[in-house]
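What follows is a set of structures to go through.
In the two assemblies presented below, chain A is common to both, partnered first by chain B and then by chain C.
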Partner chain A sequence: MIASTPRLVPFATAMFLLAMGVFMLLPLLVVIASSLSSSSFLVFPPPGLSLQWYGEILGSQAYIEAGWTSLKLALATVVLALTLGTPAAIALSRFRFRGQATIAALFLSPLILPSLIFAIGLLIVFSRYATGPSFLGLVIGHTVITIPYVIRTVSANLADLDPHLDEAARIMGARWWQRYALVILPQCRTGMAAGAFFAFNISFDDAVIALFMRAPNVETLPMRIYSTLEFSPDPSVAAVSTIMILMTIVLVVMLNRIFGLSKIV
Partner chain B sequence: MSAGSAQPYREPAILLTPGLLFLLLAFFFPALQLLAQSFLTFGTEPARFTLEHYAKAAVDDFYAGVGVRTFRLAMIITALCLLIGFPLAVIITRVGPALRTVLIVLIILPLMTSVVIRTFGWLVILGPGGVLSWTLQQLGVIDRGISLMHTEAGIVIAMVQVLLPFLVLTTLGSLGQIPPSLEEAARVMGAGFFRGIFHVTLPLAVPGLASGSLLVFALSISSFITPTLVGGVRLQVMAGSIYQQMTGSFDWGFGAALSMILLLSTLLLIVPYMVITSRIGGRK
Partner chain C sequence: MHQMSVRSIVKHFADLKVLDEFDLDVAKGEFVALLGPSGCGKSTLLRIIAGLETPDSGEIHIAGRSVTALAPEHRNIALMFQSYALLPHMSAIENVRFPLRMRGQLSRADQLRKAREAMSLVQLGHLAERYPRQLSGGQQQRVALARSIVGEPDLLLLDEPLSNLDARLREEMQIELKRLHENLGLTTIFVTHDQNEALGLANRITLMNRGSIEQQGTPEEIYRRPRTVFAADFLGGANIFELEVSESDGVWSGSFPDGSRVDLAVSSDLEPGKCQFMLRKEAVTFDPEQSMSTITGTIQTQNYLGGQTRSLIRAGGIEIIAVTDSDKTETDRIETQIGWRPDELIPLQNV
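Coming up: the complex of A and B.
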């Protein structure tokens, strides 16, 4: 006979989950709520509702420029990370060769080294061997930290698919470019899309590398939010943050559609 | 597969080379430069070998205090993440698919939101006249407004929310490999609910909990955005001091030495931890 589960357990579980929901989501909810405040101070509860802060940021040259910089940076990172990461993922999951485990570990090592340490190294290199931190430096830094995600998603994707299709194409006399264009790359499509979403999200949200690689005339949205928070937070930062939260929600929904959230976990 | 073709290594070599070259130049080279910088004089030409940066870090009481605070906070944060994250991960593996998706979104959505934004949320919650102070006043718990800004408690609360997803996700990976029949068997044999959890599920989840808590610990030691914004200048942590050295006082040699100390002390703690947990995990 199975000893029954103590009656308190379902109740305690429900309370625990409720508390967790509040704990995890409250920071995002208060940011959204603050962006709708009619007051120019971040007070709680807001005295009234207003969309004025959205008007404010849309009219702000600095925010619009930072938004463009972040967008260009994220897109450049996605292109570069996919270009370098996808072939590596194909090699690691479709071939067997000596030193494979070591090479796989090398490709995933940016996940292990704290990005703080990497950011400092990058700053030193760009100051010593180039003209200092720059937009290109940010693209390179973000590509390094996002390549492991592309490799993971593409490899997970390839593991689910039939490797014999490529072999069949080879036996039937397909040239190498035909195999890649018609068989292998189409097989990688889902993994590349998921990797692209991760890379975009990480680059668009990153503040650590961006703050170390601070170049004159290059400011991303997270950099701008950080420096505003350091000095004088106001509801216009909340409006920018809310837009970024909404973008993240869209990305999470899309990731769930194409890849399934249960696969990420 | 391709092992049978005439040149088995050519194709993977071509596929791997661009990525490897890129990482060599853009990742491993900068990491080595950081190591080198910590042993070189800064500003004087030509740079010579020196231990002065490490000596400065060793004798300065201020940095010893900062180091102690950093590790103490990281331990508290990791312990709290374990305490909350393990039950949460167990619940996620046992609920129905709909609630499961909701809970996973609850973990992933904050994780994918910029740390700067999550910290901003905590500033609004913990600050003077913030959500926490208002709620406690409405409930009659306190009669004057409070603020957890510039306190270690404030840093811990915000950091646990920022890092909890990492622990939950790694633990889920390990829980997913435990056949549910094991705990069922224990229950059929007469083990109670809590015994089933603590004597069957928990020991089998140790690998996931270990790697998750290591990740949380390492991330917490190297974070500067949340501790700096919530804790302010008075409650400096190591990563915050490093940021200041590199971008404010421009003492790069010293900043590099502090980074190496941070990295090495993390490794020194990680190795014994892994030995201990692998022993526990290995005991069946």
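Coming up: the complex of A and C.
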């Protein structure tokens, strides 16, 4: 065979990809290694190995509470983002109406707008018209920034659909509510699962909105990590982060098993 | 009493008139093909009958009731889509059960029993639990077919039923469809652009052209006695050429461009002057009998097709294609006699 590119090119490509992989994974590896440190300070490389920081966070009232808050927040966000985002995606893909493109762009705008700007606006609104920052404020904030992901994934799902399914169901005697329940919604399952995954992760991971909407009695896990880093940086931060990384991996593997996410994302 | 009739259906898409005062009656148990080129309005008509499109004006009756204003879900019909439109998240048997489940008149057990019966009618009983993606194209089509017949609809509509199948499966499915129709007697209308499908399946072909009926009749009538150039050309392709018609002493004859003359069968359609004629490729023989019209020609080229051979013959100043049994085909490219029964030369209206 005659080489179509200089021999150097495949080599350079491989090196480039390797460098990128290292660049992306290294921080995670550093965090995981630090979490196993026997030192009381966050240093790299760790002087010795120990699981003591995992014991530390599992016994820490503040971490457990923050983890619990984050979990509730993420689950509430997922539920809201799905219940609002899925019908929006269905409406955008099934109906043709005036201003459709504008509305679609509006729904997706949180993807592009810095969440900082949104967080400031949210804070002002909540201070002016509600009782100031609160758990509810966080839920609303996270729902807004995660809805676009649900709309994107569900829309991608619907775009692949045989447009005749709905007509076929109609001719077989299905009323409109039966068509939604038995034909259209089941088709959105994969997109909804992928959207839920994004919503969960983004909410669980968010520090920006949480920072602005910080209420006295509400502390999420990223906020806890942040303040620990600020005041007494020890490897417990790395241990929490490692748990979060593992959780994400488990979620991805699980969803992929059940829904075959690779088809959508 | 007609099982289905449409009256004066008019339908426009924007400025384009797709159906023009269209009338069609279908008797109970008939198997009707709506045949025509793409854009002739056949699919729109099918969708109007199904209720998926609303006509600008006109009336639709199915099984004795007016359904013009009735939504598709209340028409008690079945439509098999070209894409089959199987519900991907339901197993084959659940797909087949779906119409019964929507109607909700039978118990779950009875629904499943009837669904299973329909599956075995299409010889798919053993694959009931499979999901559509686990089935081949031909099997998916059988599921779609079972789903269409399970509810004993007043009217069965099929949209290009065989077009997604390869040649071998198509033949198999043609036999299957015909057998099912003979066994169940469901009034069936199907849309196709494939003349072989229409000829092979239907009891009656409605040939459509530009939103109107071009010609209607049994497959044999349409094939053997097309009335127009369009009909002759659309069904099976044919030799279509112009002859100069003349009459003397009650004997009609036609002359070819080079002056050769042949007798014409007496027909009320004949009048002196130029006229288009159709001669089916299979009507031409190299071994003419006494009573046949004959003409001398030269074989230009031949394609061996297996049992038959196609010959291109230069005769009468034009080119004539003949498809003959291979063992009765002249192979020497020399001057030869070709002939046909006079009534095989069909005068056409040139509209």
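To be clear about the criterion, the second predicted complex is superposed on the first by the 245 of 265 C-alpha atoms of A that agree within 3 Å, B and C clash if a C-alpha of one lies under 4 Å from a C-alpha of the other, contacts with A are read in each partner's own complex, and residues count from 1 in each chain.
The rule is simple: a contact is a pair of C-beta atoms (placed from the backbone, for glycine too) under 8 Å apart; a residue touches a chain by one contact, two chains touch by 3 or more.
Everything numeric in this text was worked out from a predicted model, so none of it was measured.
J.: Consider chain A as the common anchor and indicate whether chain B and chain C clash or fit when overlaid.
T.: With chain A as the common anchor, chain B and chain C both fit in the superposed model.
J.: Looking at the overlay, does A:90 come into contact with chain B only (first), chain C only (second), both, or neither?
T.: After superposing on A, A:90 lies in contact with chain B but is clear of chain C.
J.: Which of the two partners, first being chain B and second being chain C, lies in contact with A:167: first, second, both, or neither?
T.: A:167: touches chain B and chain C.
J.: Vertex at chain A, arms to chain B and chain C: angle between C-alpha centres to the nearest 10°?
T.: The three centres form an angle at chain A of 100 degrees.
J.: By the touch definition at the top of the document, which applies to A:128: first (chain B), second (chain C), both, or neither?
T.: first
J.: With both structures placed on chain A, which of the two partners, chain B or chain C, ends up touching more residues of chain A?
T.: Comparing chain B with chain C, the partner touching more chain A residues is B.
J.: Should A:175 be classified as contacting the first partner (chain B), the second (chain C), both, or neither?
T.: second
J.: Applying the touch criterion given at the start, work out whether A:189 contacts chain B, chain C, both or neither, answering first, second, both or neither.
T.: second
J.: Tell me which partner A:208 touches in the superposition: chain B (first), chain C (second), both or neither.
T.: First partner only.
J.: Counting only touches as set out at the top, which of chain B and chain C does A:7 meet: first, second, both, neither?
T.: neither
J.: Superposed on chain A, how close does chain B come to chain C by Cα atoms? Whole Å, please.
T.: Taking the overlay as described at the top, chain B lies 6 Å from chain C at its nearest C-alpha.
J.: On chain A, which stretch or stretches are contacted by chain B in one complex as well as by chain C in the other?
T.: The overlap between the chain B and chain C interfaces on chain A comprises residues 167, 170.
J.: Quick one: which bits of chain B touch chain A in the complex? Just the residue numbers, please.
T.: 1-3, 5, 8-9, 11-12, 14-16, 18-20, 22-23, 26-27, 29-34, 37, 84, 87-88, 91, 100-101, 103-110, 112-125, 127, 129-131, 134, 158, 161, 164, 169, 172-173, 176, 187-188, 190-194, 218-219, 221-225, 229, 239, 242-243, 246-247, 252, 255-256, 259, 262-263, 266
J.: Note which residues of chain A are touching chain C in the complex, please.
T.: Per the touch definition, chain A meets chain C at residues 162, 164-165, 167-175, 178, 182-183, 186-187, 189.
J.: Under the definition above, what is the set of chain C residues touching chain A in their complex?
T.: Where chain C meets chain A, its residues are 50-52, 71-79, 81, 83, 85, 87-89, 98-99, 102-103, 147, 151.
J.: Quick one: in the complex, what on chain A touches chain B?
T.: 1-3, 5-6, 9, 13, 16-17, 20-21, 23-31, 34, 42-45, 83-85, 87-88, 90-92, 94-97, 103, 106-107, 109-110, 113-118, 120-125, 128, 140-141, 143-144, 147, 163, 166-167, 170, 176, 201, 204-208, 211-212, 214, 222, 225-226, 229-230, 233, 237-238, 241, 244-245, 248-249, 251-252, 256, 261-262, 264-265
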